[in-house]
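Encoded as structure tokens, the structure appears first; notes follow it.
For reference, chains read A, B, C and D in written order, and residue numbers begin at 1 within each chain.
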Amino acid sequence: PADIARVLANCLRHSEPVYIEMPRDMVAVPCLEVVSEPAFKVDPDALDACVDEILERLQQAKSPVLMAGVEVRRYGLEDKVATLSRRLGLPVVTSFMGRGLLADQDAPLVGTYMGVAGFPEVTQLVENSDGLFLLGEIICDTNFAVSETKIDMRKTIQALSGQVNIGYHTYANLPLAAVVNRMLERVPGPDKMFTVTPQHFPTGLPADDQSITPTDIATAVNDLMARHGKMPMASDMGDCLFTAMEISHTALVAPGYYATMGFGVPAGLGLQAATGERPLILVGDGAFQMTGWELGNCKRYGWDPIVLLFNNASWEMLRTFQPESHFNDLGHWGFAEMAAGLGGDGVRVGTRAELKRALDQAMATRGKFQLIEVTIPQGVLSSTLARFVAGVKRLNAAK
Amino acid sequence: PADIARVLANCLRHSEPVYIEMPRDMVAVPCLEVVSEPAFKVDPDALDACVDEILERLQQAKSPVLMAGVEVRRYGLEDKVATLSRRLGLPVVTSFMGRGLLADQDAPLVGTYMGVAGFPEVTQLVENSDGLFLLGEIICDTNFAVSETKIDMRKTIQALSGQVNIGYHTYANLPLAAVVNRMLERVPGPDKMFTVTPQHFPTGLPADDQSITPTDIATAVNDLMARHGKMPMASDMGDCLFTAMEISHTALVAPGYYATMGFGVPAGLGLQAATGERPLILVGDGAFQMTGWELGNCKRYGWDPIVLLFNNASWEMLRTFQPESHFNDLGHWGFAEMAAGLGGDGVRVGTRAELKRALDQAMATRGKFQLIEVTIPQGVLSSTLARFVAGVKRLNAAK
Amino acid sequence: PADIARVLANCLRHSEPVYIEMPRDMVAVPCLEVVSEPAFKVDPDALDACVDEILERLQQAKSPVLMAGVEVRRYGLEDKVATLSRRLGLPVVTSFMGRGLLADQDAPLVGTYMGVAGFPEVTQLVENSDGLFLLGEIICDTNFAVSETKIDMRKTIQALSGQVNIGYHTYANLPLAAVVNRMLERVPGPDKMFTVTPQHFPTGLPADDQSITPTDIATAVNDLMARHGKMPMASDMGDCLFTAMEISHTALVAPGYYATMGFGVPAGLGLQAATGERPLILVGDGAFQMTGWELGNCKRYGWDPIVLLFNNASWEMLRTFQPESHFNDLGHWGFAEMAAGLGGDGVRVGTRAELKRALDQAMATRGKFQLIEVTIPQGVLSSTLARFVAGVKRLNAAK
Amino acid sequence: PADIARVLANCLRHSEPVYIEMPRDMVAVPCLEVVSEPAFKVDPDALDACVDEILERLQQAKSPVLMAGVEVRRYGLEDKVATLSRRLGLPVVTSFMGRGLLADQDAPLVGTYMGVAGFPEVTQLVENSDGLFLLGEIICDTNFAVSETKIDMRKTIQALSGQVNIGYHTYANLPLAAVVNRMLERVPGPDKMFTVTPQHFPTGLPADDQSITPTDIATAVNDLMARHGKMPMASDMGDCLFTAMEISHTALVAPGYYATMGFGVPAGLGLQAATGERPLILVGDGAFQMTGWELGNCKRYGWDPIVLLFNNASWEMLRTFQPESHFNDLGHWGFAEMAAGLGGDGVRVGTRAELKRALDQAMATRGKFQLIEVTIPQGVLSSTLARFVAGVKRLNAAK
């Protein structure tokens, strides 16, 4: 029982999944009451000292920026962080892995920082800031490896993993929620008046006979959401994830950290199971080959996600870096035809007009999953992935 | 390099897979020559003492039996073991996990021991033997848990894992190959004259309109092999594996030890990749949902297995023991329809006549995988699984 | 070789002992060159940020105090720390475990902090300081458990174990030497003018017939050093160590951290072996029973320490806390008589006059160890130990 | 509690010391009842099979020999083993580490096997036996490294560590006591008639003016025991241990396995504490320097061992192998003079007459320890050690 209490306490404290493994012969054994561990106690003096220093630094900065990361969501702090940024007059960006955060809050959201792969305005805003405040942001290559100019982490303020790093020193044992709450108490409002230029997303897809690019898919989705309202999204790894960055801010789950393929479809099913909302799933053909078949379970549970399958018959993202490797050629599988066998509707589209029609049709059909297999010519990338590839090559060449 | 040599030496010595993990930044690093470790040396005096005792015990036994297990295959000893059994006049059985061994050798093969699930003659032969010689046999529940009368392991001769146990004592450090080789030297021949009654397998499936049972599938396959020659088989877990026991002896790979579902289709592809022979794959719908989609890779490599999918819309084997659990209901997926999308041919059959026709058709078609989705009513089991279920219930009731 | 380099680098970096275990069959094996690891690099920006903050805090404090600990000695920083304290006008104390530090430097040394066991002036100076700067001080019970008023560690500045803690935050990876050096560069001099009241030590032992107390021994030693100059000391655990606190500042080795008995005599021999100086050894009869016989080795090496054996036929220090335990009675062993057998001179003294005479005699005799067995009545403690016992009882009662 | 039960069960099962470490804050915590683990169950069929084979082998042997080792004592089997050897007509030897076993039993004891260091008759008896039965004998260098002709361990019968090895095979899980008991049941008696030639020990020391050799000490002790009866002995490492082999059979504790110096005096005190009998302690000056001072505790407990200190001012045993190392010179310490200070009587003897007198005097004096410091010229060894040194040199030369 003490072990169970400890594990559950860690689950709450780190807001991360935990495992409790139950040997088969223990399942029916009675267990003493599990007494929950006392909550972790924050030292109020340390908290004050730390918040003092953060506020002072932000005030002295000429161009402070707040970058929100996954912990903000994990600890349920989105509303509070939005309020804080308004009161402090801080423009907000998310990291790549934080994409989708604050999408539903009234925050001065500028866009998503992606270094060389991102929009230049956002990249400059972040890289030129003299007061970068990283809130719940995981410091890792996925978020920061492709910076144009290396960010000096020693000059930032980082609240993460239950501690705060400022410049060269560290305040230990200060949970993110405690820091945010104390800052809100210290900065009572009202909101500061200031404007930010939000990122621009493509809209207005022509319903013509041209073949489809990933950016066309983003455009079509933007149009759809404009008409029908936001939908939560799940994306797999591959160009579909870069394409997701061109879709207007909405809740997004994606395999950011380990970048594992095969995440998208099951994650989308989980989204609908957990929230009841109909999700949009973005997935490449490579990834679909791994776990796409899980769509067969939709019928049993009544799920009806809309699946946009980016079929370029290729591990295209790998090919751009390693064009000589023929294992990247996947051949053409007939995904649309298989939808019926799996209990859903399937359609293959090759032109922008077909895409638009298929999306409208899918939107209108409820109760079955809707698989739209989008044929994309090999070598055609989303603008974002193209920018990313060019940027990485530029950075490598400079070495 | 010494580590690599050690790992490779263990690979050879235990004839088991090994892992060599290569950190990403070491791939291009030059490596000193890998000097192979000296071969393991067998003590010839110990080997002689041990073989003496084995031969004496077998000679004294009134009804000695040789049971061959996986190590016989792993160390490539099938021919030698067949010869040995002929010279010693020993009837041969395999264990459940050894099924398929000696199928192509001229050995006095009686059948497969499966305790309560097996044919009574084989079960009695083994359980009444006063000189059971286990050769490379894994002593585990899968092989022995369902014996009618508990076999007294202390009374058997076991050559396994590089040692030999006789009665109450152990000869350490005697590899199986060394034991078999030394026995052959000591028993020079000629073969003894004796006959065994081999197990009988069902043949002659009527091409009528009755619905199909698993045993019908075994019958159809026996007919097919009688006409076209033996094919190697891969089976998944579930009733299909019990059905495989009713098919005449042929090479068989199956997930015996951990009984993992999802093994059948990939194993069948591996079989064709490794041997070039066209395999027969037996798989349930539950298992196919896990990994059946790997058939999509056949096109790329030109593989054309014949897949017999036992579709009872159910985790039937679990249901027989736990009928109250509704998670065993899988619903009906349209597997046959999906074959085309995956690049093969698919057909759904519901009667014995259709089954026969579909098998003939599949046999005649090369170059694409052939998926035969056999509709089986829920609750209909193979004779072997039925015997197994009844036996286990009898054993449990006796407790 | 890489392992050896790593271990040696750690030896230097932490200035702590390391073990290199050599298997017996490797002694004669040739070894590749040991290439020393690159020195640890300090981040100069972090160092500056940290020194800035330390200096600012010390300047703002009304009564700053510097407490020097063992790392100051271990890293060879005594002279530098003395200079630093003069330039900053900081009164200096040592901890209990730091006793003996700065004894030979021109530092504004006030005394040794021992909480309830120490002189009230020193205790108040430390406990009332609003700017306590702990330099290389081990934060442990031995040093701080017996404070009158608990010191709020969060309010101190601690440079220790390669990092600096100020208030609630931490600067990682800043070695003590780097911090001290950078501070000296930032505070160029000249020395500040200020005076401290150094601790007072008893002198002038009457050569009378009274029986001897531990404090008498301290007095006699102070007299001796006043006449003949300072001698380095080694002390064992027990009242002898508390008595050592009443002897004027001189180099002292003692088993502070684990408080292990049996350290004194061997440590004294090591002192003479390492420095060539004649040491004074303080040891109780309990401890002498453990390792005192090592004096027998003096003859072989020509060592001639003066050994003051506090013989109260008792584990007296334990008895004060646990008077009911009779294992504390050790009985009277004839230590003085045994000196000759061990190759030295021995004398037993019972009065202050005898003690004085014996010490003079010992001082005058070179080339053999000089054992002075001082008979002390049971129950008679040094003033310092008496203060310690009373203080601990007071603190415990308050709980 | 389950941990405690497990540890205690292991203590009993292996008859070896166990540790139960008690954290300081757990001492007063109440503990659930410790339920003792069920006794280890022996398989009676395996036991019979094993005993059958042992008896058959012994019967077939022309010159069987029983060698008794420490486990015979540890499991309290001395009487039973003596009976067994009489019934089977087996001459008995002990190993070096088993010296002292069966000293008080009526066993056909020939002597102690020491290979090149032993008496030739014993060495030949053991090395030529075709049925060597090792009972509770530790197979290690201390016992077997100095054989004249290497003993083929594969041809012996070994009952040790809870298992029995015969020739090339092993019976697992058969405790020594079970084997001995079952053998006694199977060989009911009566005793066989046969005679053995016991080893001869020197007696009759001339009380003359010659200087003393170690063998003289053995002679003097044999004379003493002949007159006054057997005394138990404790010996340290060094020539004193080899000398002990020349003393007639009596209980002996010595540091055989790790050959640790410093064992003799404390072990002797333990002997008297545990058994109440007055012990004889044999110890070299090197070893006495380590732990001899523990004699100071005799007064407190009323112990009065007789200590024979072999003072050759040398680590003589090391010197014989490494004469060039001067660290073997220890110088002369005055041990006899120190006895009084430690609370006992001390005398230094240099001639055989003095030795005899001192021993008689010591024997006659009770209530205080009696230290006899025997001056032995450097380079003078006991006959046994001399034989050992010559034998080892012969063996090494042959390599």
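Here is the rule we use: a residue touches a chain if its C-beta (ideal position, glycine included) is under 8 Å from a C-beta of that chain, and two chains touch if they have at least 3 such contacts.
All values reported here derive from a predicted model rather than from experimental measurement.
Colleague: Could you grab the centroid distance between chain A and chain C? Build each centroid from C-alpha atoms only and quote it in angstrom.
Modeller: Taking the average C-alpha coordinate of chain A and of chain C, the gap between them is 58 Å.
Colleague: Just give me the whole-number Å value for how far the CA centre of chain C lies from that of chain D.
Modeller: 47
Colleague: Residues touching two or more other chains, restricted to chain D: which are they?
Modeller: Chain D, residues with two or more chain partners: not present.
Colleague: Considering only which chains touch which, how would you classify the arrangement: line, ring, star, complete or other?
Modeller: Drawn as a graph, the chains make one closed cycle, so a ring.
Colleague: Output every touching chain pair, sorted by label.
Modeller: A-B, A-C, B-D, C-D
Colleague: State the interface residues of chain B toward chain A in the complex, per the touch definition above.
Modeller: 289, 292-293, 296, 299-300, 331, 333-338, 340-343
Colleague: Which positions of chain A touch chain C when the two form their complex?
Modeller: The touching residues are 43, 45-46, 49-50, 154, 166-172.
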